[in-house]
Amino acid sequence: MAAAVVLGGPAGWWRWHRRVRAASAAMVCSRAMASKTPVGFIGLGNMGNPMAKNLIKHGYPVIAYDVFPEACKEFQDLGAQVTDSPADVAERADRIITMLPSSPNAIEVYTGANGILKKVKKGSLLIDSSTIDPSVSKELAKAVEKMGAVFMDAPVSGGVGAARAGNLTFMVGGVEQEFDAAKELLICMGSNVVYCGEVGTGQAAKICNNMLLAISMIGTAETMNLGIRLGLDPKLLAKILNMSSGRCWSSDTYNPVPGVMEGVPSANNYQGGFGTTLMAKDLGLAQISATNTKTPVPLGSQAHQIYRMMCAKGYALKDFSAVFQFLREEESL
Amino acid sequence: MAAAVVLGGPAGWWRWHRRVRAASAAMVCSRAMASKTPVGFIGLGNMGNPMAKNLIKHGYPVIAYDVFPEACKEFQDLGAQVTDSPADVAERADRIITMLPSSPNAIEVYTGANGILKKVKKGSLLIDSSTIDPSVSKELAKAVEKMGAVFMDAPVSGGVGAARAGNLTFMVGGVEQEFDAAKELLICMGSNVVYCGEVGTGQAAKICNNMLLAISMIGTAETMNLGIRLGLDPKLLAKILNMSSGRCWSSDTYNPVPGVMEGVPSANNYQGGFGTTLMAKDLGLAQISATNTKTPVPLGSQAHQIYRMMCAKGYALKDFSAVFQFLREEESL
Amino acid sequence: MAAAVVLGGPAGWWRWHRRVRAASAAMVCSRAMASKTPVGFIGLGNMGNPMAKNLIKHGYPVIAYDVFPEACKEFQDLGAQVTDSPADVAERADRIITMLPSSPNAIEVYTGANGILKKVKKGSLLIDSSTIDPSVSKELAKAVEKMGAVFMDAPVSGGVGAARAGNLTFMVGGVEQEFDAAKELLICMGSNVVYCGEVGTGQAAKICNNMLLAISMIGTAETMNLGIRLGLDPKLLAKILNMSSGRCWSSDTYNPVPGVMEGVPSANNYQGGFGTTLMAKDLGLAQISATNTKTPVPLGSQAHQIYRMMCAKGYALKDFSAVFQFLREEESL
Amino acid sequence: MAAAVVLGGPAGWWRWHRRVRAASAAMVCSRAMASKTPVGFIGLGNMGNPMAKNLIKHGYPVIAYDVFPEACKEFQDLGAQVTDSPADVAERADRIITMLPSSPNAIEVYTGANGILKKVKKGSLLIDSSTIDPSVSKELAKAVEKMGAVFMDAPVSGGVGAARAGNLTFMVGGVEQEFDAAKELLICMGSNVVYCGEVGTGQAAKICNNMLLAISMIGTAETMNLGIRLGLDPKLLAKILNMSSGRCWSSDTYNPVPGVMEGVPSANNYQGGFGTTLMAKDLGLAQISATNTKTPVPLGSQAHQIYRMMCAKGYALKDFSAVFQFLREEESL
């Protein structure tokens, strides 16, 4: 069975889903071609850049803004209209996608002095693809609603590679009747658009998946390490786990032990993949959500601490499966 | 896709493997029928009882011993020879299977005053199917070897149900050239016999799998709980995880949240399945092995503590997926 | 030896400090008597009520507000002026103390539609004694500063008992030259006023202390429990720890094991003291601060989870030393 | 106030106790002078060497053995009788002290082929000062008792420095009526001899103290680190903690933050003191005891993992307060 959201690794995640959806996605996009009105895009970084380009490829005129003017230049050449502020974008487009690095940035872009809400038009559809605290998404939604517009959270899985290839996964939260309108745009940038429920649930789904991913990755790393120390061959142990109840995505698709699988970061000195620092960020969001909802998450919280310690010990840029390396390095004695 | 060792739950684990192996297993057993010499069996408890019966069904004369004489009566009626001590068993059989509750019991049965080693014959094959500390297995192996006999560790997965149905999985450690001889007997009681490496690696494979299982089960439980509190529908969340990188056996085959799957303990008030107290025991063995080999297992150790706390809070007899219930119960305020 | 902030337990914390300071405190207060201008007080709950009364006792005219009008009645009878909103308080008083349950409440009272900032006078001194996220304190300080006023965070230690007795401890963050002005008021409600540094450091000091307190309390509880199970007499073990390097406030002043000390919650079925739910709240703040500053706090985070689990298991209202009871309850098997 | 067992650091622990005891200790020793019979000493390593010398200084003829013959030479020059095996020691002395690195060594020395028990005389007093698993102590005691002799466990606190100075602390488990006889010898090597209860409780007291010490050290390190990142001055934070409920030996006597205190390992690049690898060993013993007694020790177990990770990351030989350094190192990003 196919699988695997959330990382932009070397594997072609969601290939099966993508193939199935290819036809209908193409249809949706071409059908919409004729009457395409401009789409605003705020945040043209590593992820936003290729996403906005895919919108343009699908025939959408783009109204662009980024806090760094140089990030916009490329888009001017591509025919996009570049503006001076989020408010300006909101003045010229009634569908806007935002892709920002963190909660404070999102708050600023929406509610700041020159934020979207200063000039948002009634009935506008605002889609935030940033990965942020779901409670911030909810607050933004309330503020947007007060202006008579609609807000949806739609964080992505898949990383820069998937953003370029246009096969991101979007996890969407918001009013259900607006989902189709959001999907019309998102399907131009992704191969999978999942409706998750009310506002904030897109974020919730993403951080839940990544929390469980982190837990099972660390669990796999320490289990493999223990087995090796007890005399088991790593390939054999992986095989036994994968046909048993210990099986998980981290053991059967993204094994962290060098030599067990090919085409994964552990086979390439933990380069590429999903960086430890990004995992630590997502676990921080999970932690904040758990704290705010008073939910005990004993292993998720410990996973957060371990990735935080790894960042403090020089692993920030390595793939998150490098936790195997972090745990196993030889003793100095 | 095949899957799932280690628990004797309601699901028919290894069904696929079983079907495939059925033919050859039958062949092996019937071929052996003609010349069957007696097999010793020590430890006729919940697991040993049905295992020994399956040996008898396959035509092996059984020489039985249990520390509780009443456990042997049933076997007398089945034609087994009942003895007074492990030493007596060793005098009459040169292939012996032991199935005991813990390391101290195993040490007593092998090296005690009336233990196997008092009368073991040269060249005997001693197979221990108990789940114990791999370092104890290694010590027993050394003691057995001194007497000119052979020791293998072969702990099982599958619980009482699988023991009755004869479709246990055996994870076998020991000298490779003796593996076929061991398999001849074990295949009468199980559907899958995996060679893991030198003595102790059978135990190692089992405790490694169960440690990763415990980690991913707790991880799944806390992730599902967090998602629910953040507004996600549990079935939808499980679906998203299972097509993503958070996927694991605990999320896709044995989901701990009532209402998400049928035919699993969470659908039956956490009855049946694999008891919390047994999981705590196996995690204790993992912990001791990790301590002895100086291997850091941060989540495995935390999982151990959580199952230990659950035992202290009245969950000892519930299935280990009840950790969802343990974590989510409503606040008193 | 003196000691012990943060809890309003039965013991007379800070007694020594209080006695020493009594004279000077009295002097400060009486000197100020002559020219006393009104002081605003917002938040008249369990803590705010006795604090405001102590201000009145020291001769300060109080301008009161609480979101629940009934909370104000008592103060009308005491001669306080009751207002309709935080803004009204700010209009009539240029020194205001706020005592609120959580960050969102504080944000509302300062920056809401009828918040203090709507009518704050230039040069006003605003002291927030709520326990909240230090980053929220910093944001409030910035907003206050923009209006030409001064903000200080001054969370308290000592609970309701100490609030009544006027011997709270205040940990104060803010511009150092304003510290004396703040202390003039705070010393009427507390026996100890500690300057901690720039804005937010009052909160930081409080949550740091309570995080270490939680860790050492749980550590003491599990250590005592382990020792008892290994055959040690609890009183003897406490004595050994207390003369050794394991010594901590939780072992020598607030021992969690019934029968070891008198006059502590463990001697009274864990009633009174500092509630588990309050400790969980403070640990949540510590967790958020650690997440925001990317600081690894492996044990603090685990302590948070344990108190969160205790809340989910019916311990919310018991003193936080009840973690001993949580960990030790007998196994059902 | 006096304090502090368990580490052989730069500070002069127990100075106060030592002074008080000096007189009576001297008296006990000199009274015994007249009739001194030989004392066996097995294990002449870093600790055993100075301990045995102190026995000689107090006038006891010593019968020595060590597995490394060169360790004995020095003692021959001092007039001690050197033997070929533990059994030989037992033949010539009816009071024997053993000081060995780990449980397996202790088992070998007592029950091995040339072990003490091969030739122990009835009524002999065997005192084991090794730090080992209390359940092993209990087993040794049983084996010793069968031979008509007496066994006591008496692990020490204080390290090599204290061993040389003769001011170790002994925590003694065993039959109470034999305590005085044991103390007569131990007081020649230590300044404090504490009776803890039945056999094994000496070990239990030691590992309990060290477990709580590890927890509060890590807790202090992460709390100080968090406070510093939140803008607090480390000295001020330490002062606040030490007059509050977060106070512990690690914060007030052995602070892990460089610059806060003098004369502690953190002031000397974490050299000297109590090595991380030794702390990891003691936490491993605590873990095994907790596992065997089914006691939940969530923070003790996490502390064990953290010290284990530190060993894997090059901190094995640094003082255990280096956990502050482990947690705080700057991020690479």
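Note that the chains take the letters A, B, C and D in the order they are written out, and that residue 1 is the start of every chain.
Simple rule for what comes next: contacts are C-beta pairs under 8 Å (C-beta built on N, C-alpha and C of every residue); 3 or more make two chains touch, one makes a residue touch a chain.
The model shown is predicted, which means the values in this text are computed figures rather than measured ones.
Participant: Going by average Cα coordinates, which chain is farthest removed from subunit C?
Facilitator: B
Participant: Determine which of the two chain pairs, B-D or A-B, is joined by the larger number of C-beta pairs in contact.
Facilitator: A-B
Participant: What is the distance in Å between the mean C-alpha positions of subunit A and subunit B?
Facilitator: Distance between chain centres, rounded to whole Å: 40 Å.
Participant: Specify, in ascending order, the residues of subunit A that touch 2 or more different other chains.
Facilitator: In subunit A, 294-298, 302, 306, 309, 311-312, 327, 331 touch at least two other chains.
Participant: Name, in rising order, each residue of subunit B that touches subunit C in their complex.
Facilitator: 277, 302, 309, 311-317, 326-333
Participant: Mind listing the subunit C positions that touch subunit A in their complex?
Facilitator: 280, 284, 287-288, 291-292, 294-298, 301-302, 304-306, 308-309, 311-312
Participant: Show which residues of subunit A lie in contact with subunit B when the two form their complex.
Facilitator: 1-7, 17, 134, 157, 169, 171, 194, 196-198, 200-201, 203-205, 208-213, 215-216, 218-220, 222-227, 229-233, 236-237, 240-241, 243-251, 253-254, 286, 289-290, 293-300, 302-303, 306, 327, 331
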